[in-house]
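In this document, chain identifiers A, B, C, D and E correspond to the written order of the chains, with residue numbering beginning at 1 in each.
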Amino acid sequence: KGPVKIGFITDMSGVYSSLDGPGGTAAIKMAIHDFGGSVLGRKIELVTFDHQSKADLAAAKAKEFFSQDGVDMLIGGTNSGAMLAIEPLAAQYKKPFIVIGAGASTIVGKQCNGYTSLYAYNTTALARVTAGAVIKHGGRSWYFLTADYAFGKALEVDATKVVEADGGKVLGHVMAPLGASNFSSYMLQAQASGADVLALANAGGDAANSIKQATQFGVTKKMKLAGLLLFITDIHSVGLPAAQGLYLTAPWYWNLNAESRAWSKRFYAQMNAMPSFSQAGDYSAALSYLKAVKAAGTTDGAKVMAELHKMKVNDMFIHNGSMRPSGLMIHDMYLMQVKTPAESKEPWDYYNVVQTVPGNEAFGPAAAYGCPLDK
Amino acid sequence: MSPTPVHDAVVRAPGIDPGHHSPASVEAVALHIRDLHAWYGDSHVLHGVNLTIKSGETICLLGRNGAGRTTTLRAVMGLTSARTGSISVFGKEVIGLPRHHVARLGVGYCPEERGIFASLTTQENFLLPPDVPARFEGLSIDEIHELFPNLKERARSPGTRLSGGEQQMLAVARIFRTGARLLLLDEISEGLAPVIVQALGRAIKELKKRGFSVLLAEQNFRFSANLADRFYVMERGKIVLEIDRSELSDKQAELKELLGV
Amino acid sequence: MTEIFGVPVSLLLGQLLLGLLNGTTYAMLSLGLAVIFGLMDEVNFAHGAFFMMGAMFAWMGGQYFHLSFWWMLLLAPLLVGLVGLLVERLMLRRLRGMDPIYGLLLTFGLALLIEGLFRTFFGVSGSPYNPPELLSGVLNLGFMYLPLYYVFAMVASVVVCFGTWLLIERTKLGSYLRAGTENPSLVQAFGINFPLLVMLTFAFGSALAGLAGVLSAPIVQVSPLMGSNLIIVVFAIVVIGGMGSVMGAIVSGLALGVIEALAKVVYAPISSTVVFILMAVVLTVRPAGLFGKEK
Amino acid sequence: MIASQKSSHTKASHGSGAGAPILRAHKLGKKFSGFAAVEGVDLGVAEGSIHALVGPNGAGKTTCFNLLSKFLEPSAGDIFFRERNITRMRPADVARLGMVRSFQISATFPQMTLLENVRVVLQRAAGLAHQFWMPARALTRLDQEALRFLDMVGLSGQAGQLASSLPYGHKRALELATTLAMDPQLLLLDEPTQGLGHEDVEQVTELIRRVAQGRTVLMVEHNMSVISKICDRVTVMQRGQVLAEGSYDEVSRNPEVITAYMGDAEEGIHA
Amino acid sequence: MSWRSKAQLSTMWLILLLAVAAPWLGMYPVLGMRIMSFALFACAFNLMAGYTGLISFGHAALFGGAGYVTGLALTSWGWPTPAGIMFGVFVALVIGLAMGVLAVRRYGIYFSMVTLALAQIVYFYCLQADFTGGEDGLQGIPRGTLFGLSLQSDRVMYYVMLVVFVASWWFIRRIVRSPFGQILQAVRENEPRAISLGYRVNRYKLGMFLLSAGFAGLAGAMKAVIMGFETLTDVHWSTSGMVILLTLVGGLGTDLGPILGAVIITVLEEKMGAIGHFLEHITGVHWFASLNDNVSMINGAIFVLCVLLFRRGIVGTFNARWGGARAASG
């Protein structure tokens, strides 16, 4: 029999490539290596593809992977549009599909299909944890800077629910178009609102620019900043002087404990950057899959998925992990606060862990997702 | 290598045969063209042109439509896509020279299509060509305005908003101003009212008095007949006939055959 | 507190001020495009990439050579200008005399290529670039705090814009360039070294983009992608101003900044498209743009 | 000689006999940002005549022409075509009424064959202009007619050639053929002999005379010999206004016209 | 019949034969369908660009716009597939009308920039509107049935697309040579003259823009049905750039060029990784392996090379080299 093939489809060159991209490939290779390079007596092989953030390319390739190239499972990277487009194919070809880099909650919502797993995080959890924890730390009135499209609005809705449930108040919001490089005018509006917290319901370059300009306009002197979807690469690119004090949520951080540090050092040696949580997630997903294959004694999609659902996951990346029937991996999440430049001891030493939030609390009740498999 | 043989019908006055003439003094010859071939893309238009203009001389190139008169002037200015042979301007070889160096030798070119710039006003068009180094005393701006009163009146109007004839005047005026001492003028009487054509004729005579050398490419034989010292007739990219002013009446028959005048 | 459109006046004032700042960036970018377009009939799609390069060079200068902002303010535009010069000399020159659309397509490809190159080497997430010590303060205007650097960037842009305008509209050089746009070979036949002029103009237009990039670097995140979306807005501005009109580019750039700022407070969802809508309106009324001449 | 025979009597009388002129301008005026290029021009072109518009450079002839053919909007006055007010019509519509103009530069479709050049005109009349669903061969039924027009100008032999390959004089002839194909009642020609050699001038003059049979022609021309040969009536303009009008013989003797336009008869270069 | 048109005809038949047989020769049907939708899109673009000389930089708005509304009609409103596609085409026509009315009054690069800017309005609308799902895209568009035939199978869908494509291509080819096409050629060559001959040229250009918009819409609608989703990529300006690239590589203003261009660029985009590995393998240069990660950069390079060295595109160059004097089409 031929090798066991793992596919990896992500954005290798576009906007999100620093989050995942080539670093993700390296991480998966590390997993294969750590697993011993073979399973069930078959070699393990990795095939990758750059979807350039184009869903149609991603879907067409996934289909080809499954139907012609004999790929046994697929790890999905960034861009939720692309991941959602691949999702039905996983069910059609009965192959496990583990999504890491994309965080759209809808992946395990109405679309769920038993073969797809949302493994590392989702936007709901990020928003919920940040909102819940920041309120506990004294931010009672909120103002949102929201990216003016579906995803930004969803982040705002998720966070608003928690803020209001926990007795906080939302004073207003401003919608900024995607890719608006100058956010200074929104900063004026945020300042004028008089709220305690400025929540950034945006991502990537937009979030980085908002943080930078919030600092320049002195917003951070009176308001706390809370990022609803921020990655360590964003903090790295903004720099600590601007980002210090900011709250954000992550499923993992390289400097979390000895195990994560050890793994990250290995990663750093190859990539010359500390891993983001999605890259760590890629590693963990590949590893979990291989463990499941070993346990099931087959690469048959249905059987491996059943094994994954049964497994308790605890590794370098996931703590207290278990998978809901919808495919959503439930595990601990962490509220982080960005260190001041003085606190930071070494490059990439950016976060203080403020609070650990247990999985079920972080991800919220299954009912809210609307996946039929969750009953 | 001998120059490309010319048409049988050619009758040359021995003294000014460009083939045998070698300029004694550099400055005595304004333009000396030997065996000039020129191309537009793949089409070979000039097939060995030989002509000479002595300093202070006015000569006229005649020929039917498409004979190659315009192309000869363009080849001198380096505006054809390829050219071979030799062109010397005041003793300096220009083939191989970058385009913008030719004018600096003291050549003024008035193109057939006038070349008025739409985005410049009349005045800007007028003042556009830089003065030539070692310039001759050309017509002063006042003299030019007297010659072409329209230009003064319409000075602020965009160049291409001028009437057809006014554009022609502008194209000529612009060259007269620079002090270039060899003028290559292509169909300058075209589209001008008879009064203006007459005035233009007087202006050229005046320039000649001041020592300018002029090469006219003209359709309008009557106009050039009064001005030129010598005539060359072109046909299919070659000079086929050379006539001195004094021989004009003798050569009527040949001219008629070649030009239909 | 007094209000207009349901917005406090002080906030409105602040917005207008910031709009004006954005406007100066727009103005400088569209000016560079207009210089190149108006004088050479070429649309430089790589203008956004040049803008990005200006900012990236500034950042690289600081990162690798420890050169100060002030040095880079001088060097980065020069470097970008040099790139522009090479692009003109080695590529665009071969397209002279052909349909200008080829120039547009070439520079479009170039934009992809340049962006791709920077992305491979520097990733996409961007880097911070801080304003110089001297300008890192904040100005208290009473109704708002304005970072000192913003004031500097604004003033610098306005000065450069009007300097350029003077150079082009009020000097002989400008008339050579405008004439050469229409009929380069004739201008050469008049004894003007037009190819050299073109090369320098292109370099100058590119350098303007580079300068806008350096000036923006301390304001926004410096990243290889920073120019690609901006360029289309700037295209629209140039169309509104009347393509090729230097004054049009400056005025409509500034105006657009302000209008966008107003849109943000009045009806935010429209702020990203207001420039395009405005363009559509202007085109129906004046097809050649506000300052453009009908050809 | 033929020209002088044909002149005056028959045509002029026919024109006046028909009563109202085919084209009439009333107090026509055009200002360009303050500059009056044409001012208070009254002009009547008699049906069936060849009418020339002459005058010094910048007198406003081309502007007048553009106003009449509606390529410019008049700032004052009215234009009537067969007593129908066309002052506010669009150029394409004016062309459809049967008033067709030529350009100072030759106007052909260079990358199309001569046949196609003429066919393009016939297509509109035949109602075959917007049928995007029809195959190319639908057009072949216009070929006969197109050839007929090419034949009129002596170009039917080259029907399959590209227009760009023609020498200058033939391009003008082709342009005339396409213009004729529009079945114009009034032809507006702007300096039709400009840039032509002597033989071509004669050819084109002859051609104009031939096509003027049964049509009216209004032309701008500086070449006095052409005018004297074929024109029935001449209007002289100066500084945007009409200076004189009459037959060639009349106006060419008018002292005002001589100083303003013709100049010294001795030097009479164009004659 | 000349040698050249014979060669052309046989090329056409060969391509068609290949296309019919492709799924049986191991070509992957989804790839084939993607190629065909891009080829149709490129043909539509070429109709405007190649035959009026007006290069639109805003065709993505028509392509993606139609894709979104077709998706909306099929998912949210439950329309039958053909109705949804027609609706997509209709909306493309409406967008095309709005864009065209403004744009056809301008020439050359002005036209390009105006179309680009107008397309951005559509892009931002699609970005902000709720039904498009933002970055998630509009997912789960059902293929449905066509005259009772289920389109679920890729093979069936492939042949349906092939029929749509061939019919459209044939029709586009016919438009170019139709009486209408003749007038447009005349307009392109000498616009003032066309006006003076009584043609209202802007109407003709607008007409062509609409035809082009309709086919671009058809391509977008078909693609949405084929892929089962629609995302922002299709309305983004980079897609407008890509369709220009396809057409340019194949040969602007030729019949077969857009098809060839679509095949080459689409395959390149998808197989870049494999090509890179192959190159790495034979040359031993590791850098080639990273080709996969830089497709847009490579597209940029192709653009530059094409414009500098290869302006006529593949088919255009072929025609110029081996064709008759009149290399109008091929």
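Operating definition for what follows: contacts are C-beta pairs under 8 Å (C-beta built on N, C-alpha and C of every residue); 3 or more make two chains touch, one makes a residue touch a chain.
Treat the numbers as computed from the prediction; the structure is a model and nothing was measured.
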By Cα centroid distance, the chain farthest from chain E is B
Computed distance of Cα centres, chain D from chain B, in Å
32
What whole-number Å value describes the gap between the mean CA coordinates of chain A and chain C?
36
For chain A and chain D, what's the span in angstrom between their mean Cα positions?
76
In chain A, residues with contacts to at least two other chains:
13-14, 17, 148, 177-178
At least two other chains touched by the same residue of chain E: list those residues.
124, 128, 293-294, 296-297
For this structure, give each pair of chains that are touching.
A-C, A-E, B-C, B-D, C-E, D-E
Given the complex with chain C, which residues does chain E contribute to the contact?
53, 55, 102, 105-110, 112-114, 116-118, 120-121, 124-125, 128, 237, 241, 244-245, 248, 290, 293-294, 296-304, 306-308, 311
Contacts from chain C onto chain A in the complex sit at residues 8, 11, 14-15, 18-19, 21-22, 116, 119-120, 123-128, 130, 138, 144-145, 147, 149-150, 216, 219-221, 223, 225-226, 229-230, 261, 264-265, 268-269, 271-272
Quick one: which bits of chain A touch chain C in the complex? Just the residue numbers, please.
13-19, 148, 174-182, 184-186, 188-189, 191-192, 204-205, 208-209, 212-213, 216-218, 233-234, 236-239, 241-242
Which residues of chain B touch chain D once you look at their complex with the stated criterion?
64-66, 150, 154, 157, 161-166, 168-169, 187, 189-198, 201, 219-223, 226, 259-261
Using the touch definition up top, name the residues of chain D that touch chain B in the complex.
32, 35, 55-63, 104, 167-169, 191, 194-200, 202, 222, 224, 259-264, 267-270
